[in-house]
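Consider the two complexes below, in which chain A is the common component and chain B and chain C are the respective partners.
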Partner chain A sequence: MHDVNASRAANAFVPLTASAILVNAVGLHARPSVKLTQCAKGFAARIELALAPDGPWTDAKSPVKVMRVKAPQGATLHFRVTGPDGNAALAAVLALVHDGFGEA
Partner chain B sequence: MAEIHLIGRAASPGLAIGPVTMLTAAVARRTASDDPAREAAALRAAIEGARAEIAEQIKTVQGEVADILEFQVAMLEDDALADAAYEVISAGIAADHAWRLALDVEIAGYRAAEDEYFRARAADIVDIRDRVLAHLSGVDTVARITGGSIVAADDITPSTFLAADWTRGGAIALAAGSPSSHVAMLARSRATPMVVGLGPLSWKEQPPALALVDGDAGTVVFDPEPETRRRFEQRMAAANAALAVAEAASLAPACTADGRRIAVLLNVTAPEDIAGLDPAICDGIGLVRTEFLFEASHGLPDEDTQYAVYRRILDWAQGRPVTIRTLDAGGDKPIKGLTVDGESNPFLGLRGIRLSLARPEVFRVQLRALSRAAVHGVLKVMLPMIAVPAELDRACVMLDAEFAALRAEGVACARPPVGIMIEVPAAALCAEDFGAAFYSIGSNDLTQYTMAAARDIGSVTDLNDAGHPAVLSLIARTVEAARKRDVEVSLCGDAAADTRLTTALLATGLATLSVAPVAVARLKAAIATVGS
Partner chain C sequence: MSNSSFGNVGIVIVSHSPKIAEGAADMVRQMVGNAVPLAWTGGDTDGGLGTNVAGILEAIEAAWSPAGVAILVDLGGAETNSEMAVEMLAEDRRVRVVVCNAPVVEGAVIAATESSGGSSLAAVKRSAEEFYA
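Right after this comes the complex of A and B.
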């Protein structure tokens, strides 16, 4: 439901992109995936991630899909964010990755 | 229906009889409807039921276990998990079948992962799959294990074990599993009988209603004939009577049949272990694990917190010797903010004394707390995972410095004797070279390092044998080194509580064994038969 709304709203916005390297010990595993998706769900913007700059893109609000990416430590995570609060959303997810999901 | 005899491996001793609780949903029958809408609704309700159940469980746990459960909740809340299932349900497939198909694809994806960590997540998805299946078919699930039941499953997780009430009896019968698993250790500490490796638990019609579990012989009988049950109950009554006698006798010192006095000490995992106990059941405390101090608190415990706990244990012992082991983190005991994540082989990495020496700012706090507590009784300090004498020497230099600093500050303190754990074969082979005040043999690690077989890998459990001549020979060598240097030696691993090994251990010359409080009566009874 909200996916539809998000993409409708998203049409009016230019996608923002940025990347960050996964620094925490075992990559984007269970606990970081949960933290990332919880953070992403706090924003209206559509937030997607990928292991390559040109995708394939994964919905960063779905822990099931984020886990399927199986991003290992040292991988570069690319983000693509589209929506009204896109800037804040991008800053928040990047901060989480830079911070090693608080697992340092 | 004929009774079913299964033979497995004993993982925790004792006899139990009780109603069977199946933890696998695979055996339960479910009548599916022909209406895809009703099947989809049933799946939705089962997923929500599973989610609510885990959310309820989270309230009772903390730390790593809570994180694992929170991950499961997040997965269950995500519609993406069941999308594929709803799709095939709309094509006319029953809800349980559809869910299993969808999750098995997910599980296969994890099992195929290159990264070991992601491969290990397959177990979480299996857990999620089975919990939802259980809700779909109305089988009893984790949270509803009633006291006194025989839990039958492929395997069970420590969190499942901890969620159930074992104070009213009960037992565990596993198709797979390992006597060296964490669950087996928990079962032994709670005196819950457990048998593993029974092979596939499959039933032609109904799952069994009743089971007899013999945790001594490693056998299980499902749906026993009345005569089998009667004989088992007789054995249980006799065993209970013997245990009562042993418990009454457990206040007396242990002696072999030929008159050798054997000291029986306690292993203490947390101060609560000894709270209601009469100290007369033991000759002292042979091992206080201090990891609990570091797990429960957020952040590392400060000096006063540690001092208060050590003092409480010394007060309980009423002058009996108390051996406190310095922090033994690492290996299978990670501690957030202290141990190193992602070592390729944590058991051969920065653990035990190695970690303490690498983190002197943490180690110093513990040494100060121990020096202060030492004035309240007979305290000995034990260093884990020692491989070479330099590690002992460096730790002693640090202890001396902290002791001197405390004295200079005018704080009441004493310099406790420092001994070493013998768990690395190198230390056992060269025990004489260490200037240790005592030796304590950690048979769990000594066995796994000697046999190159991990405790918690079911497929190599047979090799993880503390009674193997190579392990016994290292124990004998340590005892001989202690005799030559005229210092004490004890054994504090699981082997001490395994009464099948008592004769062999005492034959090495050992005269001090340290076990969990629950094992004291049984060990003293076993010692009394040695040499008869």
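Right after this comes the complex of A and C.
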């Protein structure tokens, strides 16, 4: 379902990456986008998402940009997180996706 | 029509149609939650389609937050009447109220999302206006 193959080097600011499959029926539409950005805003880390492991990356704290990704159900959502609370941020956004944003 | 104030930026929705204003507010509440002061106003003083300055001033008051208030408007008169309402505020409040150049429904949801994360008034406005960027 997801792989936390994060690059956890000594430097806490090395980007952590992981992916998860969108399970909720509507994909990353308005309401899930709002929930994701609200979650992301709770962390200091830079949080980005993409539909492919090599990007293009979208700022997960921008609801407008997240909605524009238009990720459908079944899409693999890749996250790239950089910052002091990166581990917690990555766990939180992955949990949200796995949980279908509480509406799956 | 409104709820109590937190430290987050307040959102005011101004539409010519009270139904649109109320509906947009419903969307904000359901999608974003209750962490943001929110008020709406719509219709002229006779109950027809339009906007009125007094109604907008009441809505600003109802959604007031020390962090400021972002106003989302629909067409022409909603914007000019909102600007007029802002002009009529006391000076210390006037500087903390902005009219966003954004679509009223989408802008309200996005502005409230930004506000719910504790963002500044400038960040709330910028985020809502990303729709036209």
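Just so it is clear, the second predicted complex is superposed on the first by the 92 of 104 C-alpha atoms of A that agree within 3 Å, B and C clash if a C-alpha of one lies under 4 Å from a C-alpha of the other, contacts with A are read in each partner's own complex, and residues count from 1 in each chain.
Everything that follows uses one rule, which is that contacts are C-beta pairs under 8 Å (C-beta built on N, C-alpha and C of every residue); 3 or more make two chains touch, one makes a residue touch a chain.
Quick caveat: nothing in here was measured; it's all calculated off a predicted structure.
On the superposed chain A, the two partners chain B and chain C do not both fit; they clash.
More residues of chain A are touched by B (comparison of chain B with chain C).
In the superposition on chain A, A:Q73 contacts chain B only, with no contact to chain C.
With both structures placed on the common chain, the touch criterion links A:A52 to neither chain B nor chain C. In the superposition on chain A, A:G42 makes contact with chain C only, while chain B stays out of contact range.
In the overlay built on the shared chain, the residue A:A30 is in contact with chain B and with chain C.
In the superposed model, A:A91 lies in contact with neither chain B nor chain C. Residue contacts after overlaying the shared chain place A:P63 against chain B and chain C alike. Shared contact residues of chain A with chain B and chain C: 30-31, 34, 37-38, 62-65.
Listed in rising order, the residues of chain A touching chain B in the complex are 25-27, 29-31, 33-34, 37-38, 59, 62-65, 67-68, 70, 72-73, 103. The residues of chain A lying in touch with chain C in their complex are 30-31, 34, 37-38, 41-42, 61-65. Residues of chain C that touch chain A in their complex: 30-32, 109-110, 113-114, 116-119, 127, 130-131. On the chain B side of its complex with chain A, the touching residues are 67-68, 70-71, 74-75, 77-81, 106, 109, 113-115, 117-118, 121, 124, 341-342.
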